[in-house]
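Chain nomenclature is as follows: A, B, C and D, assigned in order of appearance, with residue numbering initiated at 1 for each chain independently.
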Amino acid sequence: MTRNAIASLLALVALALALAVLFPTHSAAAPPEQPIRYSHKVHVTDYKLDCRFCHVYAAKSASAGIPSLAKCMMCHRTIAAERPEIRKLAQYWKEKKPIPWVRVTELQEYTYFPHFRMVSYGKVPCLTCHPGIDRDDIAVQRQEFGMGWCLTCHRGRGVSIDCWTCHI
Amino acid sequence: MKRRWAMVIDMDLCTGCGACVAACVAENNTPTVGESEAGKGRLMQWIRVVRYFRKEEHDETRAIYVATPCMHCEKAPCEIVCPVYATYHDEDDHVNAMVYNRCIGTRYCGNNCPYSVRVFNWWDYKREKPLDEQLNPDLTVRSRGVMEKCSYCIQRIRRGKETALKEDRPIRDGEVLPACAQTCPPGAIRFGDLDDPESAVSRMMKDPRRFRLMEHLGTEPSTVYLKKMRGPGR
Amino acid sequence: MLNRRGFLKVGGATAFAALFGGCERLPKTLVPFVVPPENYALGESLWYASVCRQCPAGCGIVVRNSEGRAKKIEGNPLHPVNRGKLCARGQAGLQALYHPERLGKPLKLDGPRGSGKFREIPWEEALRLLMTGLASVREEAPGSLLMLSEPMRGHRNLVSARFMKAFGSPHRVAWDPFGQDVHLAANEAAYGVRDLPEYDIAGTRYLLSFSGDFLETGLSPVHFGHAYGRMRAARPTVRGKFVHFGPRLSMTAASADAFLPVAPGTEGFAALGIAHVMVREKLTPEAAGAVGLWNAGLKEFTPEAAGERTGISAADIEVVAREFGANQPGLAMAGDAAASCANGVFNLSAVGLLNLLAGNVGKPGGISFPDRLAAFRKYGAEAKLLLPAAESGYPAVRDAVERMGKGAFRMALLSGATNPAFTLPPSLNFEEALLKVPTIVSFASFLDETTSLSDLVLPVPTFLEEWGDDIAPAGHGGDAITLGQPVVTPFRDTRSMPDVLIAAARELGGPAAAALPWGSFRECLDKAYAGMGIDLEEARRNGGIFSGKAGASRPTPKAGSPALPKAAEAAFAGDPARYPLVLHVYPSIALSDGRGANLPWLQELPDPIATAVWRNWVEVGPKTAAALALSDGDGVTVSSPFGSLQAFVFVHPAIAEGVAAMPLGQGHTRYGKYAADRGGNPYALLPASVESATKAPARQSTRVSLVKTRMKGALVRTVHPEGQWLYENIL
Amino acid sequence: MKIENHLSRLDESKLYDELSRSNLPATKRWYAGTGALLLVVLASVAVFVYMMFTGLGVTGLNRPVMWGVMIILFVFWVGLSHSGTLISAILRITRATWRAPVLRGAEAMTALALMVGGLYPLMHLGRNWRFYYILPYPSERQLWPNFRSPLLWDAVAITTYLTGSLLFLYFGMIPDLAIARDRATGWRKKLYTFLAAGFRGTHEEWRRYHVASTLFAVIIIPVAVSVHSIVSWDFAMAMVPMWHSTIFAPYFVAGAIYSGIAGVIAVMVILRKAFRLEKVLTPDHFDNLGKLLLTFTLVWGYFYFSDYLTAWYSRFPEDWEVIRSYSGHYLPLFSLLVACNFLIPFPLLCLKRVRQSIPAMFAVSLVVNVGMFTERVQIVVPSLARRNDPSIWATYFPTWVEISFIIGSIAMFALIYVIFSKLFPVVAISDVKEQLFHTTDRTIGGANLSTVVSGEGKEEGRET
């Protein structure tokens, strides 16, 4: 190997490292094994339900919240009641047992993310942070919430980028 | 909405009871350290009520209480020395902010604070179960190796702002109170926005008894004090 | 921020499961509700109003509940006693709730009696044991059942009183080491009313305190603290002046404009000296008219004579008297240290005399006696059971101990935080006597010195988990009833004492069942307040019933003709040659009588004067220390004729010379790892002697000696002993 | 002076053997000694790992004394590192001819002491594993470090100085490495061939070498001065009584050079003994170093006194409390400092007999270094322990953890020095040769003189 080859190899490695640091990968993880195969696609894309119809707290509280079983049963008492997945749902309802959903979207630790500020006051569309979730059969997280990603949006919208806005 | 939060501590009203200390501990997830650690000077409380003795006229010894939270200096010595901006000036609220997840624990800020109000997490302070059920979910439980200090209860300020935002109105004077001011039985601790000329603290700022700790250092603390008075006569 | 209206909107009691575990790590699964509770918003806190029972002051509280867990206690802004304020002990109530050593299962003795070794048993078995015992006692000798508790108020007291009455035992004893017997007796002597007064500190212009540490440990520290703040600052032109007489510069004394150190037990003489000057110089109309008093002997109590006894200068007494006379309304208060001398009634009556001479009885800025009974007329004779019981119960306790020793009791029911095995003088041999009772059942949250002696311990909820009502002993004109409700789902498998008693009565049947005709204590409360013409839900949301319309005060028949209290000297046990110092004990601000000692927050709260944490100490003045060749931080053995202990010396620069002072509260041998083995128990130094007129415990009545001793460790103080003199450096 | 066995009379290979004795194959004793040092270092590393996983609570630090032994060690070792610069660069520029045998040892000391010292600020961090937050690099967080913080200046200065002094050390070593290359076999040959970078000793190479080394010396001096100025600003920029002083920068530089010279003397004595360099390192060398040390005793003493003058004139109560503590709680520390740094070395170094006695110089150099360590303690601890707010005053005493760091730092320095001297010529062979080149026997009239031709071409004659 010539000296030039070694040098260019080293430069490539350095560049790759720098890129890896600067732009973390956005690859989606494999969909988790959920207790019920709930499909966002069916609800959001096919039936055009508003996100906030189920995630009721997103507009008024820090957490968006997972809909309660009662909420699901509001419709599914009658709609598609005979499907196997809905039967599972009905079984939970019968036993009055909550559904242990597996968490999909992970926020960084030590971070305060008030959904209501984004949704009700910032008018940030849900899909900005949860891209593609409307077309998912089983929801996966496609966007890692790196600080740089948050800051870019905050800077663009001219809202506070003070540390204490998100970290206390 | 920018604000200039300030605290006024009326030493004439402070009785030294320590309710503020307990309220702060309950609100801010500060650990208890135990006797031997306390003996080493490692108390974690964010506000301390210092009792000084003074010899006064008639050869009387009097005790005087100085409740000492973070001064939230406008020219804070702690801010410039932090190599990683873990402590900095929050321009929205004019308070001296401390970001735990950025802190690497040089402890330079602690050294450079003339009021010595910064405390360091020497250990991972374990809260015996189920005492940890009490922990306030609004703010971080700090881990080993970071500095911490009074934040003027930033989580309560934020709650106040959010409530005001939801109700579409400005924050009222006296609506946002840190835990110490909220609980102080004689009402010695006042808190409010200096940018609001009508606020109680703005009015108290004009009190001739007003002074600040170690004023000659030029740190311009946001926590100001009102001098203790002494009634006339014997 | 507590939104004033915010918590009012929220519903009453609640029970819901916790959503998330700790807040340190994100949970891996998200478990939503099956059906969300009403008023619930994820991540938003709810505030519930209740009553604080960390001390007997009865402050109203609001508790922040976040995802099913109590997170913070704050004062209830609507409550007349504390007006949104709270003390350190109240804040620490959360630690009692989540205490790792809190009992969560009934315990049965599993070892020799008194060993404190227990094993957990299910509630069914525990209740069966209780019922078997109760049934057999009632069968054979109902009068041999003893109930020994702390003073209770409201319907809990009604329930236990009715239970004992229906059971057929007259032996219901309530013990409070800081009972107000002397205060009551003195009020009867001075004003003709045997009741606790209302002090309008906020409205007064001149406040005289005689060892009255009202800002730290008195009747209602938060109420008085709030009032003190208003006395100083709420009026635009008047800053009330405050003069304190007492044996040591306490936290309260430190807030005074002038602190005059008097020898222990001479507070009454100082007061009479002031009264003498007031009458001699006709400083107030009442004083000018008190010729009878003068002739009855007040003329003997010159300032010079008072100065000689108390150790302060006659000139100071005269100046204070003139200022007091000139600044009306003025107010004179006395506190525990003056009351718990052998001459307590004299001290307090003399102080009462000053109020009479100032003519402030029943006036704003003065002293008054609200009619607290008015709210409970419908109970007739039982109404008194609902009101604050201020007595110490010491004579009854002594009587009970004597009977126990003789084997008169077959079963004892213990409850409350006053912990007699810890707080009673050792010479009474309480522990030994109690163990002669064949069956001891305790209702408790913690295994303290008394509870550890039981055969059966029934875990009770903390005040944050149970229903209740309360009438505060100070801070309102008889127009405030505080209502308590569970602010969290009961955290352990506990049952409250009234509930157990009601259930027991039902099972016993007969008159007992008839006396307690409710399904539960909550039902008892609901029924009691339903008849009062109020919206109970609304009242519970507000934290109580605060009409704000105080009725007429009780008349004070003797106020018109002040009598000269009979002078009495304080007596101190022990030979002055062998025990050169007078022992002054005072309740610690954080630990009170000792009940706070198991809470780490309170252990780590620096004492306002000594600034020490986690341990107790003995205070002596600099001259006394020099005479005994002691210096700050030395270890000493403190010995009285009744016991001895070891402590570190804190040289207190403003304490009467010849006095050794110790805070009460530390020195536990049991009561959990946070409380146990932290210095000696000063109660163990005290004699069994009593205040001469009331038979209340006379704590300030022994002498002690201090002998330098080598001790391990050091007193941990949060203020540097050298730096504490350099206040000017921080200016 | 008698020079029967004067080095100049040795032939090339003999001279090389004489001067590179340290590079001989390792003996059992060497392995034993190095192994012992390694064990001590590993133990100290283990203690550090323990501290890292339990928390800084295992130290004696507290509020307000948040900096302790680790910062003291940092300042101490960085101070020691100033020897090489001074001896090598300044003496090179001033063309002090006696410098040659001391050069390499001193330069190595600079680089190695800096390596040791530079570790401690990192060890002292509460979250060492996040130390990279302090580095200015473009991160995903879009955050930069705070360039106003003296700690960041510190990081920059120490890195610069370490790079500079390593290069300086390496550069000066190239001709020696070339000699070693020519004589070594096996893996050493490969190593030296790589490091010698093709130096063959042509005239052009020597000319460039001389120009570059002079240039390097000129550049490294301001770096050295600035480094300890910046270390002093860690303190002087802080609002701590008795730290906040304008004189701190020159005072620290003087102190650093002072302790550096003492360190060089101690190291030279040990090298002389260990590698039988008696012929190279003569008492004259120690006499010269002694004079330098004496000068800096006075310079240091002057600055130390001036520091009090500024406190005296400003009359801040907080400064007074610190000074008061020197006569109270910290009296033993203060007395030790003044004794070791001034009262003992000053009179002793005035005596030529002492300066020429190698054991005495060794003792004096150790005393000075104890004194300088004490001085760092006295700067760091009492000022913090007697902070502005008198209520939180506290005392500080290191725990076993910190004491093991002190021992570990000495062992580590010794270990890397031992390994360095095993691998590389610890005496600057070519510089000695150069000096010898100028020293020749000449016959002047009837006398046989050993003459030294100084750089400027002047001659100084010595009778043989």
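Observations on the structure shown:
Note that in this section contacts are C-beta pairs under 8 Å (C-beta built on N, C-alpha and C of every residue); 3 or more make two chains touch, one makes a residue touch a chain.
The model shown is predicted, which means the values in this text are computed figures rather than measured ones.
Under the contact definition, chain C and chain D share the contacting chains A, B. Across the two interfaces under comparison, B-C and A-B, the one joined by more C-beta contacts turns out to be B-C. Closest to the protein's overall CA centre, chain by chain, comes B. Taking the mean of the C-alpha atoms as each chain's centre, chain B and chain C sit 30 Å apart.
Chain B has its Cα centroid 37 Å from the Cα centroid of chain A. Once the centre of each chain is set as its mean CA position, chain A and chain C turn out to be 54 Å apart. Among the residues of chain C, those touching two or more other chains are numbered 718-719, 724-726, 730.
Along chain B, residues 43, 48, 50, 52, 66, 85, 102, 214 each make contact with two or more other chains. Shown for chain D are the residues in touch with two or more other chains, namely 143, 318, 388-389, 391-392, 394.
If you draw each protein chain as a dot and join the dots that touch, every dot ends up joined to every other dot. Interface residues of chain B facing chain C in the complex, by the touch rule stated above, are 10, 12-13, 15-19, 21-23, 25-27, 32-35, 38-39, 43, 45, 48-54, 60-66, 128-137, 141, 156, 159-160, 163, 175-177, 179, 182-188, 211, 213-215, 229-234.
Considering their complex, residues 25-36, 41-44 of chain C touch chain A.
Within the complex formed with chain D, the residues of chain C that make contact are 718-720, 722-726, 728-730. Against chain D, in their complex, chain A makes its touches with residues 18, 21-24, 146-148, 151-152. Residue ranges on chain A touching chain B, taken from their complex, read 60, 109-110, 114, 116-117, 121, 160, 162-165, 167-168.
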